[in-house]
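Once you scroll down, you'll see the structures, which are given as structure tokens.
Paired with subunit B in one complex and with subunit C in the other, subunit A is shared by the two complexes that follow.
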Partner chain A sequence: MGAEGADVLVAMIKVYRFDPEDGRGARYDEFEVDAAPGRTVLDLLHDIHYNEDPTLSFRRSCQSAICGSCAMNVNGRTGLTCSTQAKPLLDRDGYLVVEPMKNMPILKDLVVDMDGFWESVHDVDPFLQAGRKVPKGPYIVPKARMELLKIAQDCIMCGSCLSECTSREANPDYLGPAALAKAYRFVADERDEARHGRLMVYSEANGIWDCDTCLYCNEVCPIHVKPMDAIMRMREMSIEAGIQSQGSKHAIAFYDTILKSGKLNEFATANKSLGLKGMVAQSGVATKIILHWKTPEIRKKPIEGVKDVTKLANLIERKKRRGTRR
Partner chain B sequence: MKYAYFPGCVGQDSCKELDVSTKLISDVLGIELVELEDATCCGAGFVQDVNYDLALALNARTLAIAEKLHLDILTVCSTCQFNLDRANRELKDDPKKLAGVNKMLAEIGLRYSGTVEIKHLLWVLVDEVGLAELQRRVKVDLSDLNVASFYGCQLIRPGTLHGYDDPDRPQYFERLIEALGGKPVDYEERKKCCGFPITFVNEDASMRMNAKNMLAAKGKGADVMATSCPLCHINLDMYQGKAEKVSGQRIELPILHLPQLVGLAIGIPPERLLMKRHIVSTKSVARAVKPKEEAKIPAMGS
Partner chain C sequence: MNRYDVLVLGGGLAGAMAARAASAAGADVAVVSKLHPLRSHTVAAAGGINAALAEGDSWEGHAFDTIKGSDYLADQDSVEIVCREAAAAVVEMDHLGTPFSRDEAGKLFNRPFGGHGLPRAYFAGDRTGLSLMQTAWEQLVANEITVYNEWAGTSLIVEEGRFAGLIAYNVADGRLDEFQAKAVVICTGPGGQMYGKTTNAVTCTGDGLAMALRAGGALKDMEFVQFHPTSLHGPNILITEAARGEGGIMKNAKGERFMERYSPKMLDMAPRDIVSRAIQTEANEGRAYPEGYVDLDLTHLGAERIRERLPEVHEFAVNFAGVDPAEKPIPIEPAQHYIMGGIATDNQGATNVPGIYAAGECACVSLHGANRLGGNALLECIVFGKLAGSAAAEFAQKHAQVEGGAAALSTDDRRIDGLMASEGTERVERIRQELKRVMWERVGIYRNDSDMTLAVGAVEDLQRRYANVRVGAKNTKFNYALLEAMELRNLLDLAEVIAKCALIRQESRGAHARTDYPKRNDASWLKHSLAWLRGDRVEITYEPVRITKWEPKERTY
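So, the complex of A and B:
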């Protein structure tokens, strides 16, 4: 137990246990802990480790939400245990459960194998490619350009976003939010000369177009990095750079119908995005759609203000050509 | 209760039943809808992928039209809700950006000053129509139905944008199902991604997500699933057969749109809610709806 006296709040905590060497399989152990206001989940794990069961394994280091070591799943949400207080969760749910991160193999108790995480990060080539632009003196980047990196550069590589990534869960080959946020950090850095090549690689299968925009990464990031926003920006950059992929084809098909009528034309989008071969592969679904009178309109009547759409598109085009970016 | 109604593109096309049932229940529940017929698509993330600034300008145009009517916007789609709300927040939080967008809107005779709020039907039903009123309106007995909710990612995340549900513990749907007399199914996957946004990019991965969510709901006893997003409905209903193939398991889970569930409960016949348009048969749902015994009607205001 931790602090003693009137401030102690006795509570039970369930902790995931697994030791590949003891042959007992996975289980949950329960411990009595002090979850007084202000105490973090990591404080409770320390209490258990030092006072009750020294075999309980977990990673931690700085205890200041900066090293990124102590990410775990607490009451169903991944985050840093050193910055997650126990009492508010106890108040909300009436229980405390600590589990290892998801989407990564479990090594022991709360420790996961992060090799897959690091492999993905390495796959995006996370080093500045300065090319021939290296100046003799310091390279001064205008503040506005550095601002673009804001949504990605603070990442502490804790793995919380990957743990909650729904696309990675369904497809272990998907690069995932942390790696792609890192990728964006270089794509958006004007000192990097490999931008086009990077965007080509990131546009391939298992890259930027495999994000399902579920927003979990933005939601759980303990330091408010926005991996999904970074991925979205790279999509736009790759389209601006004329890089083709199944994802960009679909987005452009969708976009074109909006320009034409102001509204989505589901039929034209599917047709253009999938092509003849793709449409044949969807014939089973298409037959069911027809049989249930769910066929989308082939010709979409434009909204009355469709001219506004054209006008706004032209204004933005002009603005972009003048080189002002958001 | 009067709203500028944003029906969304899919809600008036392949999921027409969503628009029809929204109008039917609004009529009964006293929600006056002024349809934004001239609004554009919200962009659904795809227009944003191609041209973020245009998506922002188009959504600002929609907001300006609603502002002119002095009305808040009602959406029936988690994706529309997110995209309109995000644009709205961006403009409200950044006066410079708002001024820039207004310069463009001026060219089409519009102006947005930032007074509009955007609300999803689910929130309006629970917070404004109210659970007691809904309970009073219930005409049938749904006590035999275990109803699994499916929120759609963008209705609950990011929590800081919407400010209604706790993204880790969403409850609006569950409270609504209870008020309608059904039994809410408690399962984690109700917060997950349906997979629709990547169906055209990586269909296998999308179908794995799709199957996992539905099988989890069925594993917890769900007889029917109700969703607040027509894009989720496309994956859950239209693509359920493909999800079965990928998972190698029978699913056979009827999927309702939120207003169809409400419509059934308040006594609107399934035919009028266009439940025949669904790919997965909804007959089992219609069969489970029993006439309500007088004795079971709770006292008003209880």
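So, the complex of A and C:
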């Protein structure tokens, strides 16, 4: 593959190394590799493993971006090494550094412990829960409604999204983008009859409302799954389904205050989403805010043109209702 | 040590379906798999799964096409089972959640596949294998079936002529362990890594086939190796047959639609063996591009249809070849893709060793005979995976556990210790590359006596060199260098079987094309080969093909 003789492009690559048994701790090793056009980062790692240092460990299998084994962090961004070309990265950054995925414990070199990743996926009950109305033949599901799954169905569980997930970094119990994309795949599938129950569970702590919408998952997904879009759709669905959760209350309260004044009323929002008890629990935060002179004005004067805000909101509402009817 | 009723070795589509079936039959089941099930090679299957579900189609039509495609080497009773069960299998997977592509009205779409008289391949975009695998894995989770991920099987334990257990190597910590069970279903999938050009994953090293051979099982029809016509030139990534099913056309370097010469009726949709030979002939006669590839032209389909029906093809062409298939043809060349042969089983997946079952690509029932039709492999995994899982569970209910296994464990332990301690002069990678070259050049698309005689000698020589191999890494955790050394032993033993079976079969049938015996010879060769290990030697015997109602005829398209 890649260079056959003539077009060799000698480059240096830095590779993260760690063997829990050798007592040397983590380090980086440098190797001279051939990064000719067309050669993938995985090709370079294979060259090292086969020809220079067989102790280098990394997972890989299909080499065609479909098995999800070879996700690693390359020049600071997680992706499949088998479909990541080396030369464009060298041209862009002037260097090549390969490290293991983030948000997962490192076991050996570029191999991470994915148990936590899989546990999260298992936690969303990732299997179809059919009702009693199973037809004799295949289900009749019009193309357009089957295509609701599209933003999630091709997930190959490589872990790239979780590696980049800022919410998971802050909260290790957060289910994370891959698990929630999997969850959405069933919520959006009309063959599944547990939709309401699923949305209730996913609305609990560490679920859909814990995403901080940084969008990294959508960006890094090597197979163009859109976990964040999936999470946002589930938020909408849970509100439409009238599911009460701190997240949905917060979103509704947020929306209401904007409609009223065109501005965010932090106090009213917190009051509505957390309730009195929650507010008391947040008193520490409140104290800090006051001490830092960051107190927001409690009574919001409506902004100029608040009527336009209301009009816009009504327009969106109407459009959405038409959309759901169709 | 771990104890179960039934073990399933390999967590791909066949394995997951076998485990589910065995569990449903009441057995205590565990899957032992070198890769997490979702990493298995099933996910690379792209185009579709066949079933006679459409109006005007019949299971008999599907069966006839399969038998004709097999060049009449398939066992027709086995083909009948699969084709009768196909519709139910597709419907079942739909009920379990596979997101099959549908039309506006909500009915399942189908598309034409090579060698089929009617369009009968059902699909989920061009990620059908991935979608079916997801569904099968979801069922492992739903049924709380234990999966030992990243455990590579090393030996099947046979005591008193019966299966007694399995020895497996834990990649994470470098230890061997024994799994006791009353029955095992081997579902380890492909073994194409002995070929220089292959669409198989690097992990497809035929481990289960080699283990079954050493445990006293027979390998059936191993000389029949499928070369897929359309792999991406260079990295040999599979460009699904669906690309032609959706209307893609192959052209040589002169811009000629060369399939007109080889299959005037079916053209680009002829079976894979015929299309691969056509490309190879174009190359041999100087009408391909100098690097040996030809064009697969999808430009007339338009960007939208390519994006909707062939998103993966689009992705592969852009990412791996730098070609937008809506604008320029994709450079393609044949590559090893599938092994029609495998562990000989009956229609329930049982081998000749009581307690050992097999299903999926590593098994040979025989459904595919001398050439497999596209869309039949995923189907085989589901139908025979389920049958073998149920049969294994039933066997486990009727039989007591055979004790023993300590000896097998210590033999494997010694073998691995020996590999780790060896200061030999041979390198795993050198032997592997030479094996790939020999098999590609001498037991490839076109074969002849002198090439294959050389290949047999070369493989035996590589086996001798393997005895002097040194493993370059001595650590215990995730020591892939050691795993690759173990895999290489399996590849070498299978290559020997393939080369020897191919050398002996003096005819051309399906994918086994000999320039020195260019005709099919039913009088002498309408029979299956069975390779056995007797001591250290491979012995080959033959058995008749089971014919029900389709008498062998000349195979033209």
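The criterion applied here is as follows: the second predicted complex is superposed on the first by the 254 of 326 C-alpha atoms of A that agree within 3 Å, B and C clash if a C-alpha of one lies under 4 Å from a C-alpha of the other, contacts with A are read in each partner's own complex, and residues count from 1 in each chain.
Throughout what follows, contacts are C-beta pairs under 8 Å (C-beta built on N, C-alpha and C of every residue); 3 or more make two chains touch, one makes a residue touch a chain.
Quick caveat, the model's predicted, so the values are computed rather than measured.
Participant: Examine A:274 and indicate which partner it touches, taking first as subunit B and second as subunit C; both and neither are also allowed.
Facilitator: A:274 sits against subunit B, while subunit C stays out of touch.
Participant: Just to be sure I read the superposition right, which of the two partners does A:67 touch: subunit B = first, subunit C = second, or both, or neither?
Facilitator: After superposing on A, A:67 lies in contact with subunit C but is clear of subunit B.
Participant: Per the contact definition in the header, classify A:166: touching subunit B only (first), subunit C only (second), both, or neither.
Facilitator: A:166 contacts subunit B only, not subunit C.
Participant: Which partner does A:57 contact after superposing on A: first (subunit B), second (subunit C), both, neither?
Facilitator: Only subunit C; A:57 stays clear of subunit B.
Participant: Touch test for A:119: subunit B only (first), subunit C only (second), both, or neither?
Facilitator: neither
Participant: With both complexes overlaid on chain A, does A:284 touch subunit B (first), subunit C (second), both or neither?
Facilitator: first
Participant: Write out the stretch or stretches of subunit A touching subunit C in their complex.
Facilitator: It is residues 1-2, 19-22, 38, 49-51, 53-55, 57-58, 60-69, 83, 85, 107-109, 111, 114, 118, 122, 126-128, 130, 134, 136-146, 149, 153-154, 156-157, 186, 189, 191-192 of subunit A that touch subunit C.
Participant: Would you tell me which residues of subunit C are touching subunit A in their complex?
Facilitator: The contact residues of subunit C facing subunit A are 35-36, 38-41, 43-44, 53, 90-91, 94-97, 99-108, 124-125, 127, 130-131, 134-135, 138-139, 141-142, 172, 201-203, 234-235, 237-238, 312, 315-316, 319-320, 322, 428-429, 471-481.
Participant: Can you check the complex and tell me which residues of subunit B touch subunit A?
Facilitator: Residue list for subunit B touching subunit A: 9-10, 13-16, 37-41, 43-54, 57-58, 61, 97, 104, 107-108, 153-154, 157-159, 166-169, 188, 192-193, 195-198, 200-202, 204-206, 208-209, 212, 238-239, 241-242, 276-279.
Participant: Can you check the complex and tell me which residues of subunit A touch subunit B?
Facilitator: 75-77, 92-93, 166-167, 169-171, 174, 205, 209-216, 218-219, 232-233, 235-236, 239, 246-248, 250-252, 254-255, 258, 262-264, 266, 270, 273-274, 284-285, 288-289, 292-297, 303-305, 307-309, 311-313, 315-316, 319-320, 326
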